[in-house]
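Next come two complexes built around chain A: one with chain B, the other with chain C.
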Partner chain A sequence: MNRLVRVSRRRFLQTSALGAVAATIGAPSVLRAQGAPVKLGVLHPVSGALSYSGQQGRLGAVLAIEEINAGGGIKALRGARIEAVLGDAQSTPEGGSAEVEKMNSAGVAAIVGGYGSSICLAASQTAARYDLPYMVDVGVVDAIVNRGLKNTFRFGPGFGVIAKTALDNLVTINEQVGKTAKTVMIVHEDSAFGSGLAKLLNTQLPDRGFQVLETIPHPTPTRDFNNVVLKIRAQNPDLVIPANYYNEYVLLARTMQQQRVRPKGIYSVLGGAASSYKFVKEFPEAAQYIMDCNHWFDPRNPKSAALKKKVEDKGEFYTYEVFMNYSCVLLIADAIERAAGADRPKIIAALEGSTFAGHVMPYGPTKFVNGQNQGAAPVNTQVIGNDIQVIFPAAFASAKAVFPMPRA
Partner chain B sequence: MLSPIILVPAILNGLLTGAVYALVALGLTLIYGVLHIINFAHGALLTAAMFGAFFAHRLLGLDPYVAALLLTPAFFVLGYALQRFIIGPASGGEDRNILLVTLGLAVVIENALLYAFRADTRTINLPYAFDVVDLGIAFLAVPRVIAFGAVIVVALVLWLIMQWTDTGKAIRAVAKEKVGAELCGIDVAHVYAVTFGLGTACLAIAACLLIPTYYVNPHAGNAFVLIAFTIVVLGGMGSVTGALIGGLFIGVVESLSGLYLGESLGQIGIFLIFILVLLFRPSGLFGART
Partner chain C sequence: MKGWAPIGLTVAALAAVPLFTSSNVVLNFLVMALLIALVGQGWNLLGGYGGQYSFGHSAFFGTGAYVTAILQMRYGVNAWVGFCIGIAAGALVGAAIGALSFRSGLKGSYFALVTLAFAEVLRIVASVAPVTGAGVGTLIKLDLRPEVFQFQSRAPFYWIILGLVAVSLILVRLIEGSRFGAYLVAVRENEDAAAALGVDAMRVKLGAMTISAAITAAGGGFYAQYFLFVDAGIAYGPWISVEALLAPIIGGIGTVFGPLLGALVVKTLGELTKLVTGDAPGLDLVIYGGVLVLVIAFAPRGIAGLIADLRGFFKPSLAAAKPNPDRGHG
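Up next is the complex of A and B:
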């Protein structure tokens, strides 16, 4: 049956070259007929110090991709499926950049993710070299969108907006109870995130009628918060504002509970654990009545509730990484739909003019100015009972702020 | 800031934290005193023990204090086997090789843990973790008070073993004069391994005492071991009493310097003492002068 055909080397090269040309010319029609998959880079720090957040982010992105594919893929491309190209930034900026290079070689149409600010900065810069659209999922440092990179978009809010909203809401909450809180202590981790926030708060709180009694920095990791809590006890501030990562946040809250230090309120800005279902489930007593200003889904949106159920059915926590990434992928898919292809400049143009409202965040339709989504805003939450309630903005608050917190 | 309201609790907390430091240092000082090596794998082994305690609770539902009864002998055997079959043979009798072998072991163990469990930080939630003993002037966390008591008992038992048992006498003989001990018929390789096993067993106990109030990730042990090195130098190489007193002292120093210099600078006090001891009393507070 099998007849050996002798093909000379030159002949072979000629035919294959011809074949390649034919394939290229024929490609568009083939694409239209079969809806060849569109590749999407999904970049997260799934190993290293930020691995928990990275894995949560990946979960959100993959869920969105599965949903799009199950719903018939990209319609403008005759139902083309989205194919995730997963990348691990290993919790370092260099790791992020290296993955962008790989994803570019793999021919992705766009990249979603990054999580940490430093990773987002490096990865989007690398992607800019290839005009590769980059959607930042979380990274809050404002330099991410202030560099004038045309490829870089941020769906969520930046540091400046978050800090301003947090302080505005704090003032409102305090005024509602007759300005009961006057003094503040800030406990912050001593790297860029915590120190930057502490500095911002130290300049802005006095203007808004609060006296900062003391600002306590601590390294990450810190093993013991007894001394910090003793100082809080000695100063007895009305409010404690922690700005640290998950582990330290949990340790601080637990130590405060243990040492029976109960200020009138614990109010965090981008609190590492303050609005995490993981924290609330594992340490409900320590988490009780903690307020936070952070990324949060729109509780009025049935799509969001459906996603929450889906995530919880998988035995995972519905954390902000999940719904931020889920939304970002839907947003990118919408841009690919409107660009009607995987052409990068067209996708960038589609994002620039994007008015996408099918996400699960309380931002309204997207509107990008210099890469920043204008409607993006944080939400104030409070742990009440065994759940996290929205206390601000009033438009979709699910509970009224419990402030000052009741003495246990 | 010198008010007793914060000073007394800070000192008491320092003593309680210091007790656990002392236990980690006990293991280190034993190995240092007898084998004359710096065990770089100490931190990684502590982390492994913490994972052991964590999973004993998570999978078997064992209270960490109960798990200590299983983990301590298990880690004794592990330590014995490590020294007898890996560190001993691989080093070919040269001290500087041992140093590298233990360093290599640390890298292997840490990365194996990282591979198996990822960098995720885990905690366990025990009903008594938040309980406190109210002394009127300070609230002391129950798990820390238990840890303090346990460390005292362990140190006492260890001291009794070293002082009164044949094994203890053999260990001390090998520590003082290896060749002489060997000539008297003591199996030095066995004594080395037993010592390493005892040191590792101390880590298992320390891990079980830590896990109720601390967290575990693949790098969790390192923080303790650096401090333990300081304690070993302060207390005197190979001295059980020195490790205990040194640990408590360092705990208080850390607590007070944390209180007055800030958490970020809290460890400065510890390393200042380290340098001062090296300068003025290199043999340590309880070390035998040679």
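Up next is the complex of A and C:
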């Protein structure tokens, strides 16, 4: 017993000496093996009228965070993990604003999301009070980045750029078939996003040789489009341009199908469903030949194909909310990496000078001017068969536009 | 006066909250609750005391919000002045809608429907009229100076909305004790009998509607300054009309403290269910709805009514002597 004790004491002395050495040399690296997690606010309208889009957005953001953590976290912070602080904006601006308050007191380094334009306007403004970096995922209203808020950045395009691209491409498509389309009707949702876009289209379409027969606003949510479609039937335009959120878009397209209203083309600008795999799978007939000018991933990028597979393996659809949010989170993580910490002014500075190319969008490296990513641009797609094909830009188009729609 | 003590104590207690917490989450929550209490008090004056159930208080809320925002952004009017003009404009809209509907003899559900229709008309007009910014809405520029009714901290906002709630409490208490208040209750109980006794029912209802609209418009103007963004859905959408009647119905219709109690309970419930359900989207709203159904089922006279019932249960003689639950304590 005695010997044992003595031996063990000697051992104890030896190990403690070793321990002391380790404490001075090795232990700091052991203790620092992983930095404290960096909190990231993930804000979406996961309940209420925009819940589907909100949940898709959350999915994209969470997938990106999982990927970053699995890949060793933030390297500059010794592999610190990113911890998502999830928030539900309940599809209202004040809901979004209240969540930003909570995220701020939870000590997030930055916030990603918002989705709806009015939510983004309110939420980014609340974040501005705390110099909290805010990355808008989708919100297309140009006022979001035109207010001079230093904390607010938008990775995707605003509707000024979107409307211009959409019209340029529309004119090209129309000229290819001898300008068959001359008259247009616009159906849009009546909040900031749809109305703003309709206003732009109304001023620009006549300059490009189109006559706008009528512009029909509707609220979100709307649960019946029979009257709207009857009006379309009565006016019989060559083109119908819808700009609305997912549910309303699907309903409008189905009602048009039911009432057998078939214009020469349905050309949406930011149509909530027009380039959604969910819509194409669930209502292939209503979706057939619909063209859309919308957010779209870069099909040449292997990363986007990998993400698509991952999302579809989960039984979800690869919609624009997913890849936009996925990209936004990667972008923010890159900024945190370069800021080497969760210090808010440093992250804002890192975003201002960001040239991040690791996202899945066809934008090229990021370049922010007054918070707007300059390379951001929409892509034209068309539903052909059971798939969504890119018809513009020519650099990565996978099909030629089918226009006018063949008669069924 | 015995009836004033509860108002003083409640407001003093609430006013002290920012001294104990600097958490903007708590303050933001209380600001929203007090905003609903204010708008609910507006509804309560007309609906609770006057018996005229409006489903369209968003008409006044939205007018207050839009006038405050538009005067600032388009005409360069100072925010405080704009806020006061917004209240006046709300009162004017109230008087106009009241005159039109009361003169046509609309009562009960007809009155409710016509107010709903007015609010909806205003929403549609606001979503297309250029002066409101149409569907894009009106954005007030972020400029954190007290001169323009914007503050760096949430605390001043909190005290302002508390001040507005205090004014509304005092106003309703004054009306309750006045001749006008007695007329109003008489009209609610039996309009024909009141008219037979010489009460000018039309004038009384119109007066109540105007004051009610002014209180609600103050809520709208405050909303605009707090969130700095107004669009047609926020201003004239049905959400605020529902909140405006939910708070007094839950709290206790036709009582001074009903709207405040109701708003605090409803908002706390909403936050608690969110905490319980965590990140499951929408589940909090399901639980919230369920609890509301239970409250309505077991406390049809609201929380104020429930308190009175409980007091009656424990002290039958006291409750019998003082049937008005609001006047009893203090």
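Heads up, the rule we're going with is that the second predicted complex is superposed on the first by the 363 of 408 C-alpha atoms of A that agree within 3 Å, B and C clash if a C-alpha of one lies under 4 Å from a C-alpha of the other, contacts with A are read in each partner's own complex, and residues count from 1 in each chain.
One rule holds in what follows: a residue touches a chain if its C-beta (ideal position, glycine included) is under 8 Å from a C-beta of that chain, and two chains touch if they have at least 3 such contacts.
Because the structure is a prediction, the values reported are computed rather than measured.
Q: With the two structures laid over each other on chain A, which partner does A:N226 touch: chain B (first), chain C (second), both, or neither?
A: first
Q: Tell me the contact category for A:V177 with respect to chain B and chain C: first, second, both or neither.
A: A:V177 contacts neither chain B nor chain C.
Q: When the two structures are overlaid on chain A, which partner does A:E94 contact: first (chain B), second (chain C), both, or neither?
A: In the superposition, A:E94 touches chain C alone.
Q: Using the superposition on chain A described above, determine whether A:E282 touches chain B (first), chain C (second), both, or neither.
A: first
Q: By the touch definition at the top of the document, which applies to A:D190: first (chain B), second (chain C), both, or neither?
A: Once the two structures are laid over each other on A, A:D190 reaches both partners.
Q: Which of the two partners, first being chain B and second being chain C, lies in contact with A:A306: first, second, both, or neither?
A: Touch partners of A:A306: none, neither chain B nor chain C.
Q: Which holds for A:A357: it touches chain B only (first), chain C only (second), both, or neither?
A: Once the two structures are laid over each other on A, A:A357 reaches no partner at all.
Q: By the touch definition above, which chain A residues appear in both interfaces, chain B in one complex and chain C in the other?
A: Shared contact residues on chain A: 47, 51, 55, 190, 217, 219.
Q: Residues of chain C touching chain A in their complex?
A: Contacts found on chain C: 23-25, 28-29, 32, 127-128, 134-137, 139, 141-142, 144, 152, 227-229, 231-234, 239, 274, 279, 281-282, 284-285.
Q: State the interface residues of chain A toward chain C in the complex, per the touch definition above.
A: Result: residues 46-47, 51, 54-55, 86, 88, 90, 92-94, 97-98, 101-102, 104-105, 118, 121-122, 125, 128-129, 141, 143, 147, 149, 188, 190-192, 194-196, 198-199, 217, 219 of chain A touch chain C.
Q: Which residues of chain A touch chain B in the complex?
A: Counting only chain A, the residues touching chain B are 47-49, 51-52, 55, 91, 190, 216-219, 221-224, 226-228, 230-231, 233-234, 246-247, 250-251, 254, 257-260, 282-283, 285-286.
Q: Help me check something: in the complex, which residues belonging to chain B touch chain A?
A: Listed in rising order, the residues are 1, 3, 5-6, 9-10, 13, 17, 114, 118-121, 123, 125, 129-130, 132, 139, 141, 214-215, 223, 255, 258-259, 262-264, 266.
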